[in-house]
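Common to both upcoming complexes is chain A, partnered first by chain B, then by chain C.
Presenting the complex of A and B:
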């Protein structure tokens, strides 16, 4: 009871202070950590927390791109299949050795870039709704992954990439370093550059932004390109984690990336959102999944609790946005 | 003092004798229990309705002159096991001059699509149809439609809620689970804490394997947690990382339903700097590579194997039926058992992890399909 009232008064205080939405999710991360600590002290083992951060990192990188796209008022469902396609292509080209690493990285990033470019052009030139375009792209990429592998993924990931997926620099997982650096770059680009301001302008009111001279089409295309590139990087990191090619590596990650962005305070209707919030969202989701597994809840209950907590998190954001 | 057998002394002797008898009986019972739990003699769960019934295909009026068109309604190509299962079928059909055409549909994991796939195959006038049902209830009416259309109807890979077909082939998933569970029980001496990695919650194969495993594990094993991980490496590894942190030093064994999850579980232990605990697997090459390479370090496992060639077995029954022969209506496929002794016959060090090693395909065909580096000959290779 007291915890609840503390929480609700904290929430009220938050609303009165009108903290940025991104702050709410980081507070939620803190509360979840405290809750986990009270249930099991071993949750706070540094090695476990770093593991959770590593589990969050690929999702966090996907969420960066998803956030850019959501801010424009769009959505990217194809990013999950970029992950899968990059994974099977990388495994096939590398065949377990670093010899062809440079070329492989270029090709994989190229897959992400071209996917984003195609998404963006179809949306801006042909005026097809983003949901339809990226869902179609999801299907096309899946077909491509099957055609490319004949359904049977070949090859293995190379040592350098495995280091990115599973290795450590000092105590910090390599993947987390990638995530933090990319988040910082994306946050600066969003807040401090003309492109960033144009993203918000296009998402807030596309017509008005066009009238005031914002190259809206170019901005939208660029947002999808960023999302494609982030998906390719996430795909490479996850490939390093999995160590081999598999046709299921991307499964479900598109919706997870949307969930991470939305609980992090990014609006589904465009015009608002932040990369820092999405990073908190990704960490929150990874902590939540881990915590629910940790306490040994039956899987069916896990699903319900996950859904419930996500709904509450989004509700809090909607309320705080209405209040501010 | 005269020595007289007091009542007390008599009682004591009686007690001693009965204790002795009890302990002998208990020993017998223990031996019986071990016998009962032997993974070499697995408990199964063949459904009650299964009988020795035969289908006389000539009398049923479904026999036809070749060459034939064979339709296949496959539920999903979602993992390399299913892909290889279909590849085995294609390889077998390609070598048979009586098969004019093999039409394979893939329902992409969607029961509604599988129903329309089967409708299409019936409409195209195939001579025989092979079906891997995605749902026992959902697909039953379609199986009946094919049967009533006078098409040789063979079901394999899973159950279906009807007996209107010519033959069904099925590997007992309960037995699959039981073998791994009973093996783990023996490894742990009948007691200890384990975690379970399952396939997909609510899916028949997954649920039956877990049920079988729990029966095989018996009373003395405490299940700390269970988590579906989709037979997937990354999901299995992530779940195991959490379990290792949640139950530090407490996990004595892992029951994994196989696929790539067993390898994920082992890698999670290695990444945490721990020695892997006993974990059963399956004929997934990535797991077999670790197993075979670490036998000398004392790693031991068991791999009941779901045969990828069951599609070929189904095709053979279909051909017999088209030829007017009498075929068994209910066939249980045995799970071949991969053990410490024969793992080297299954592993392909020169191939990627995704290969399913228990195959009827030639080593050359596997090499081509998976782009292996060697030819399949002399695959034993020292690996650290």
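Presenting the complex of A and C:
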């Protein structure tokens, strides 16, 4: 057999299996782990892998919200600045102690909720395209973070939040527990509830879903609210890890969350995607970076590889969609 | 209202046709006009030569990049890689000119070739492989950012003295290119670049077969293909143009800051999309033009000048920019809805 015929029969076999995209990314995670192991056994140590999972958790939580929004056919670029705003607000209010923790958490979650609500209402009521609304919101939130801190963030994160960002329950990092629980909840909500089915319906064909009685506007608003809330939670976890307020904590995380969702098989044109796939996408990206660092490639090369992987992922995704 | 009835029935050339004409003018022109009046009325310094020169020079990079961004938006695309291309250009120009100052023209050519190559990759992926433009240019932009940081991790290098003149020079009776802020009288080169690029760009878009094809592809890709247009090739050309304009913007920026900076281009990606949208170009393709984009670029420039004059913290600019972006499209929607109701 020539190489080409092997290739084509392998492809046919893959097509016949017709794996869901969510499964493909988890297989990719497994392959990456095997590759990493063959390079170095110490990469394979549980403590190291759990550390990678901890690094993936904030991205994974952001990707949950992004996935909901992408399924509706939208996009959320503002989540990165929710992270930054939550971070500087939390640091300023907490000032390193747990005294004001309850109120701070409420305010931070409120920021996420209100951002999502504003995004959703502007998109559904004023028919402004999601890209523009969330891009504008990104700018507004960035301004809010700068004005609030006057360009110089103050304060520190409290011990309780630091535990969430860096602590462990038994051997498992606290952040990972948050990620897993939120992913499980979001996956069940997506697959088993009316709201979840309506999300797919709205993203697949908005007009048809409206005609068949789906409250499309409310579903879309809710998706952005979920994304805002997830961004606030991710912001709190990242704050716990960073320990202080910084105006750059959210930078690039909007595009990273889109990348995680897309690598995990969520379509940018709406109507398809899964939270489990996006979790795989977040883990895959975190593993990849960790691996590249591990073999001594500098950050700059990591960025180049990230771009390449993303391009290949969309290419494969489009190919598989066309084949089916 | 009785007056509207009279205009409807009796006067063919009337208030109604004027309002219809005014309705066709995009929000960016109104915003620019109002801002200019307010600025000129509230600040006597605003209408002085040095200030206007500065305003033009500060708006040039965004003005140039927005041309390419609008072209991609016209074919229902988007180019998120322009910011990294700008950064890469400043880095290559500064590093190469520092080590080979005599080869400045060759270095400029090299930068343009790199732009051509990047645009070709973007255009191939989006046009021929039909990959999503948002995610594909995000991917290529990330890769280019990595490459840029690899070449130069923190700002450095320096461009040649002559090359600096490209952005700082001016022509006119009182030419004084080394005076701080220029002088009253001369026209900065920057204004000429912008004018030439926008005039030529508009001519290409409105008067050539290629330009009409761009609108056709953006308006309805399937019917454009069915009527014989090679949509892949048109998209390829549009993304090449977008990267080349980003390189031109990067060269101007390198000349202006005099060195290379691996992150300096970052804000221009979103700002150019903001300018395009504010200028009336649709994200869904087929609708828009360059002049609206230029009006939007200048609006943003006048706005930041005014805020500086009034000692408003520059941080508020982020908020105002966001509100303007969303507001421009929301007003457009409310206006069309009122008409149909």
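In the analysis below, the second predicted complex is superposed on the first by the 306 of 324 C-alpha atoms of A that agree within 3 Å, B and C clash if a C-alpha of one lies under 4 Å from a C-alpha of the other, contacts with A are read in each partner's own complex, and residues count from 1 in each chain.
Keep this in mind: a contact is a pair of C-beta atoms (placed from the backbone, for glycine too) under 8 Å apart; a residue touches a chain by one contact, two chains touch by 3 or more.
Predicted model only: the values in this text are computed from it and were never measured.
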Joint occupancy of chain A by chain B and chain C, clash or fit: clash
Partner chain in contact with A:30 - chain B first, chain C second, else both or neither: neither
Touched partner set for A:146, first chain B, second chain C, both or neither: both
Contacts of A:300 with chain B and chain C, given as first, second, both or neither: both
First (chain B), second (chain C), both or neither touched by A:55: first
First (chain B), second (chain C), both or neither touched by A:103: neither
Footprint overlap on chain A, where chain B in one structure and chain C in the other make contact: 146, 150-151, 298-300
Residues on chain A engaged by chain B in the complex (per definition of touch): 40, 42-43, 45, 47-48, 51, 55, 91-92, 95, 146, 150-156, 166, 238, 241-249, 251, 290, 293-296, 298-300
Chain A residues within the chain C interface of the complex: 75, 122, 126-129, 131-133, 135-144, 146-147, 150-151, 255, 258-259, 262, 268-269, 298-308, 310-311, 314-315, 318
Chain A partner contacts - residues on chain C that touch it in the complex: 78, 80, 125, 129-132, 134-136, 138-147, 149-150, 153, 270, 273-274, 277, 283-284, 313, 315-326, 329-330, 333-334
List of chain B residues in touch with chain A within their complex: 77-80, 83-84, 86-87, 198, 201, 224-228, 230, 232-234, 237-239, 241-243, 245-246, 248, 260, 267, 271-272, 286, 352-354, 369-371, 373
